[in-house]
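To keep things simple, chains are lettered A, B, C and D as they appear, and every chain counts its residues starting from 1.
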Amino acid sequence: MAQVMSLAEAVEAHVGDGDSLAMEGFTHLIPFAAGHEVIRQGRKRLTLIRMTPDLIYDQMIGMGCAEKLVFSWGGNPGVGSLHRFRDAYENGWPNPLLIEEHSHAAMANAYEAGAANLPFAVFRGYKGVDLPKVNPNIRSVTCPYTGEVLATVPAIRPDVAVIHALKADQAGNVLLEGIVGVQKEAVLAAKRSIVTVEEVVEDFGPRSANAVILPHWTVSAIAVVPGGAYPSYAHGYYKRANGFYKAWDAIARERDTFLAWMTENVLKAGPDVFARQARRVSAAAA
Amino acid sequence: MAQVMSLAEAVEAHVGDGDSLAMEGFTHLIPFAAGHEVIRQGRKRLTLIRMTPDLIYDQMIGMGCAEKLVFSWGGNPGVGSLHRFRDAYENGWPNPLLIEEHSHAAMANAYEAGAANLPFAVFRGYKGVDLPKVNPNIRSVTCPYTGEVLATVPAIRPDVAVIHALKADQAGNVLLEGIVGVQKEAVLAAKRSIVTVEEVVEDFGPRSANAVILPHWTVSAIAVVPGGAYPSYAHGYYKRANGFYKAWDAIARERDTFLAWMTENVLKAGPDVFARQARRVSAAAA
Amino acid sequence: MNVQNTATTYTPTEMMTVTAARALRNEDVCFVGIGAPSAACNLARLTHAPGITLIYESGTIDTKPEVLPLSIGDGELCDTALTTVSVPEMFRYWLQGGRITVGFLGGAQIDRYANLNTTVVGSYDKPKVRLPGGGGAPEIATNCGEIFIIMQLSPRAFVDKLPFVTSLGHGSGPGSREALGVTTKGPTKVITDLCVMEPDPATKELTVVSIHPGITREQIQGQCGWPVKFAPAVAETPPPTMHELDVLRELHARTARAHGSDA
Amino acid sequence: MNVQNTATTYTPTEMMTVTAARALRNEDVCFVGIGAPSAACNLARLTHAPGITLIYESGTIDTKPEVLPLSIGDGELCDTALTTVSVPEMFRYWLQGGRITVGFLGGAQIDRYANLNTTVVGSYDKPKVRLPGGGGAPEIATNCGEIFIIMQLSPRAFVDKLPFVTSLGHGSGPGSREALGVTTKGPTKVITDLCVMEPDPATKELTVVSIHPGITREQIQGQCGWPVKFAPAVAETPPPTMHELDVLRELHARTARAHGSDA
C-alpha cells in the first residue's frame, strides 16, 4: 500500500546496506534524485541491478555504495565510457566491484520473469558468444516438444526497485507514459519499491483505457520530487539534458573532479535541487 | 504488408480448408462478421483455436467448419452452454469434433510464447488437476536454478489469426483499445492475419504514446466492416448485445432452429448487416 | 417501510451473496468470477469495503462497475477500471505474480476437500454432460492467497467423488497442496445458500461453521452428497441487514434495466 | 553553389554513412543503434526509403525523429513513433519475434568472420580496457533477418583474433551459424570509411567488394589486421550525391542545434 513520504524517509525505510537494488528507467525517467539520496545516506555493499548503469550508477559506484553490478550495457550513451565504473572494476577504486554481465534481451526477460513470479526466463539468445563462459548464471533448458535448446537466466527479484514516474494520484496509483522501459516489471519483481514522481494529482482524468499504471497496492513508498529524473527526462515535463551527459565525461574522468562535483552537488544538496535543474533544461530547450 | 480488401476477398485469400485458425477477442471485439464469412465460404476441417469459443465458434462448429477445437472455456458467458459445441462433441453433429483443452493461463501463455517466437511457454499451473491426464500437450520443465518443476504448453502458432479492431489508418496500422485480450499476441503468433475494423481514418491523431497498435507490416489483410463485432462490442462504437447472447440459448438449443437462423442471418446475408445490427444496439442503449 | 437493521425477508441466494460479501476486506485484491462472485464482490465494494480492488480476468484492474457485467469482459468493466491490461499480462504479472489476495470460484461440483469440477460429468472422452471447462480456475485455485467458493448446496453439486478435478482445493487432505509445491491457502470458505463451510484445520475436510437463520442440520445433510461434519461450535450466520439488501437489490435492478435494453 | 548530382567534397564518415543508407530498402524494418547506424537509417528514411520502419531498442516503433538522438531513448524517438512498447516486449515480440529485417551493429573490434567484440580488450577478469558490453547486440546478431555493420577501418578494430566474442557473425566460417541452430543470415555487409566488405559466399570470410573513390587497396590493407581478400570484381563505391549530402548535413546541423541547447 503506497505511502507518500519524503525521499529521505523512503530511502531510510526501504533501502538497507547489502540490499539488491534495481533503479530502472531506460534513458527516460531515470531516478537520479533517489540515487543521490542513497549516496547521501551512505548505503554500502549494494548489489546494483540495471540494464544500462548510466550516470546514476557511475555516481553510486564512485561514491562507494556498490559491491556488485548486474548489467547489460555499461556506457555513457552516445558519449563514451562510465569512468567511475571502469575505475572500480579495473582498479578497485573506491572499492572492488564484482560484476554479473548479461545481454539486454537476457535482463529484459529476467525482469519479465520476476514480475511473473517465475524462477527463470527462457529466450532465444546467447548463441555463439563468450558471455556464457564467464557468467555461470547463463544456462539452458530443452523444449519438451521440439528438443530445441534455449538459453535461460534466473529471474531478477530485487529487494528494492526504485523508479521515477510522471505522476501519482491521491490513492497512490502511479502513471508512466512514453518510453516505459522495464520499470513496471522491476517494481512488480521487487519485494519493496520506491517511486519518485513529478507531481501528485487529484486523479489522472481522461486517459487511455490501457494506460501504464501501477496500482497503489504494488508500491511501497511514493516521494514527490519534481525534476527527479534530471539529467534524464520526464515525458511532457522536461527534456533530456544531453549537454550534462556530455559534460559528465570530463567531470567523472578523474577521481578528484568527480569527488568535488559529488560533494558540491549531492552531499551538500538535497532533492529540491532537481526541480531547478529540470526547469533550466526546459527553459534552454524552449 | 496490410492490404485493404473486402472481407470476402480477405477470407478467400487467407483462410484455407484444414487451416488452424485463431479468431480472438476476449468478450470485446469478437470478429463475428469474419466468422460468418468463413461459414459462407464453406471452409472445412479447420482447427479452431480460441480461449473462449463463444457464440462465434458455436456457429462455425454447428455449420460444420471445424474438425478440432482448442479452447479453455466453452460456454455462453453468463448464460449457459454452447449447444452446438456440445452437440458436436457429445453427438458428432454435424461432424465429430476433436478437442484440445487447456486453462486460460495456459492458452494466454501459449499465445504469448507464439508472439515471442518461442516453441513453448512455461508457467506455474496445472497443479493437482486432471487436465494433464487427458491432454498430452501439457508437459513440464525443471528450473535450471531452483530445481522447481513448472508446467509447459506448446506455443500457439496458427496458420491464420483473425481479429476485429477499432480502426486502421491509411498506412494500414491497426489500433486496439479497451479490453485487448490476446489479439495482439494472436496476430503476432500467426503466419497470416486478417483484421476487420470499424473504420479507416486518415491518421490516428492524438493518442497515448503507448497505444496498442499493430504496425501495417504485421497484418496481411484489413477489411472495413462497421459493426463487425456484433453481438460482441467495440469500445466507443457500440455496446455488447447482452440480449442477443441470452436469445442465442434458445436459437442454438435445437438443430432446426439453429439452421433456420443461420440460413436467414448468415448464408443469405453479408457483412453489411453488421452495421445495422450494431446501430440497433447503440440506439437501444441510448 | 421497514427501518429495522436486520431484514426478515430475503431469498437464500441473497443470504449467500451477503455472507460472501462480508467475508471480503477493504484491503483485499479480488479476482472476480461472473455471477454470484461478481454480485458479492460489488456488494462488498458498495457497503463495508469501498477500497476493495476488483480484478476480472479480461484484464480490467480496480474496476467499479455501476451494473453487474453479464460477461467477464463487459464494456462497463473497462470503462470504470483504473487500467486494463492484456490477458497474457493478467495471467502472468497479476495472477501468477501472486498479487491477488482472494480468488472467487464456483463450480458444477465440489468434493469434501473443496476440489472443483467444471469440466465433465461422466468420462472425459464420453461425457454425460460436457461442462464449459476450467477457464481461469486451475491457476486461480493455486495462485491466489486464498479462495472463497460460492455454490448452492445440492446433492448433484456436493458429491462424494468428483468425476474430474478441474481445480485443486485441498486435494486428498492435509499436505496435498504442500506436496505439490503450492504455498497458497486454497479454499478457506465455501459459502452456500444454507450454510458456510470451512476446511477443518486438522483434516482439511469441509465442515459447517455457521448455519443460515431458519435452516436445520438435517436440511444441510439432505443437500450434501457426503456425511456432513459440523464444527464443535456452529454459529448462526447473521442475516442480511436492510442496508445490505437495499444495496444488493438496487444493484440487481440497475443491472436488469441495463441488460434488458440491449437486445 | 554546386548543382552537380555527384558531390566532390565529403568526409570518409559521410561516405560511410551514405553507403550504409543506400543498402536499406523502403520495406525494411530496422533495429537501429545509436551513432553511425542511426544517421544512416534516418538518411535512408529522408531520401530513397521514406516508408522504412525504424525501431530503437527503447521500445519506439516506426519512429521518425527530426533530429538524431544522442541516446537510444531520447524523447524525440517516442514523440515521433507510431507507438512505444515496453523493453521486455521489444525484445520478446519484436526482436526475438523475427520481425526485424535488418539489424545495424557497430563494435570496438571485428574479426574476418564479422564476429564482434564490445566487451573487453585483454582478459575478461583483468581487462586492459573494459568496454560497455553487449547491450542488445548478442540477440540482434542472431534474431534479425540480416546484419549491417558500420565501423571505421583501423588495425585496432579489424583484428586477427578477438579477445572476446560479444556477438556472433559467421563464427569460425561456413556452417557455424547453422550448427548453432541460427537460421538468419548474419552480417551481409560491413561498411567502413574506406570500403565495403561482404562475406565470401563460400568461405564466409569478409571480402572487399567495393572501394570508396580515391582509396587504394594498400590503404585498406594498412588499416586491417588480417590479410585482406578482395572480390574478383571490385567496384568503386558510388560517391554521395549532393542531395544525400545536403540531407545528411542538414540532419546533423539540426541535431547539433537541438543538443547544444540543453545542458
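Just so it is clear, a contact is a pair of C-beta atoms (placed from the backbone, for glycine too) under 8 Å apart; a residue touches a chain by one contact, two chains touch by 3 or more.
On a predicted model such as this, the values are computed, not experimentally measured, just so you know.
Within the contact network of the assembly, the step distance from subunit C to subunit D comes to 2. Remark: subunit B and subunit D have CA centroids separated by 41 Å (rounded to whole angstrom). Subunit A and subunit D have centres, each the mean of its CA atoms, that are 28 Å apart. For subunit B, the set of residues touching two or more other chains reads 116-118, 123-124, 148, 178, 180, 185, 209-212, 235. Residues of subunit D in contact with two or more other chains: 78, 84, 92, 96.
Contacting chain pairs in the structure are A-B, A-C, A-D, B-C, B-D.
Residues of subunit A touching subunit B in their complex: 116-120, 122-124, 137, 139-146, 148, 150, 152, 154, 177-178, 180, 207-212, 235.
The residues of subunit B lying in touch with subunit D in their complex are 1, 115-118, 173, 185, 188, 209-213, 215, 217-218. Those residues of subunit B lying in contact with subunit C across their complex are 26-28, 51-52, 71-75, 77-79, 81-82, 85-86, 89-90, 101-105, 108-109, 111-112, 123-131, 134, 148-149, 178-182, 184-185, 212, 233, 235, 239-247, 281, 284-285.
By the touch criterion given at the top, residues 34-35, 57-60, 69-75, 77-78, 84, 86-88, 90-92, 95-96, 115, 119, 124-125, 127, 130-139, 142-143, 164-168, 171, 176-177, 180-182, 259-263 of subunit D touch subunit A in their complex.
Residue ranges on subunit C touching subunit A, taken from their complex, read 27, 29, 53, 61-62, 78-79, 81-85, 92-93, 96-99.
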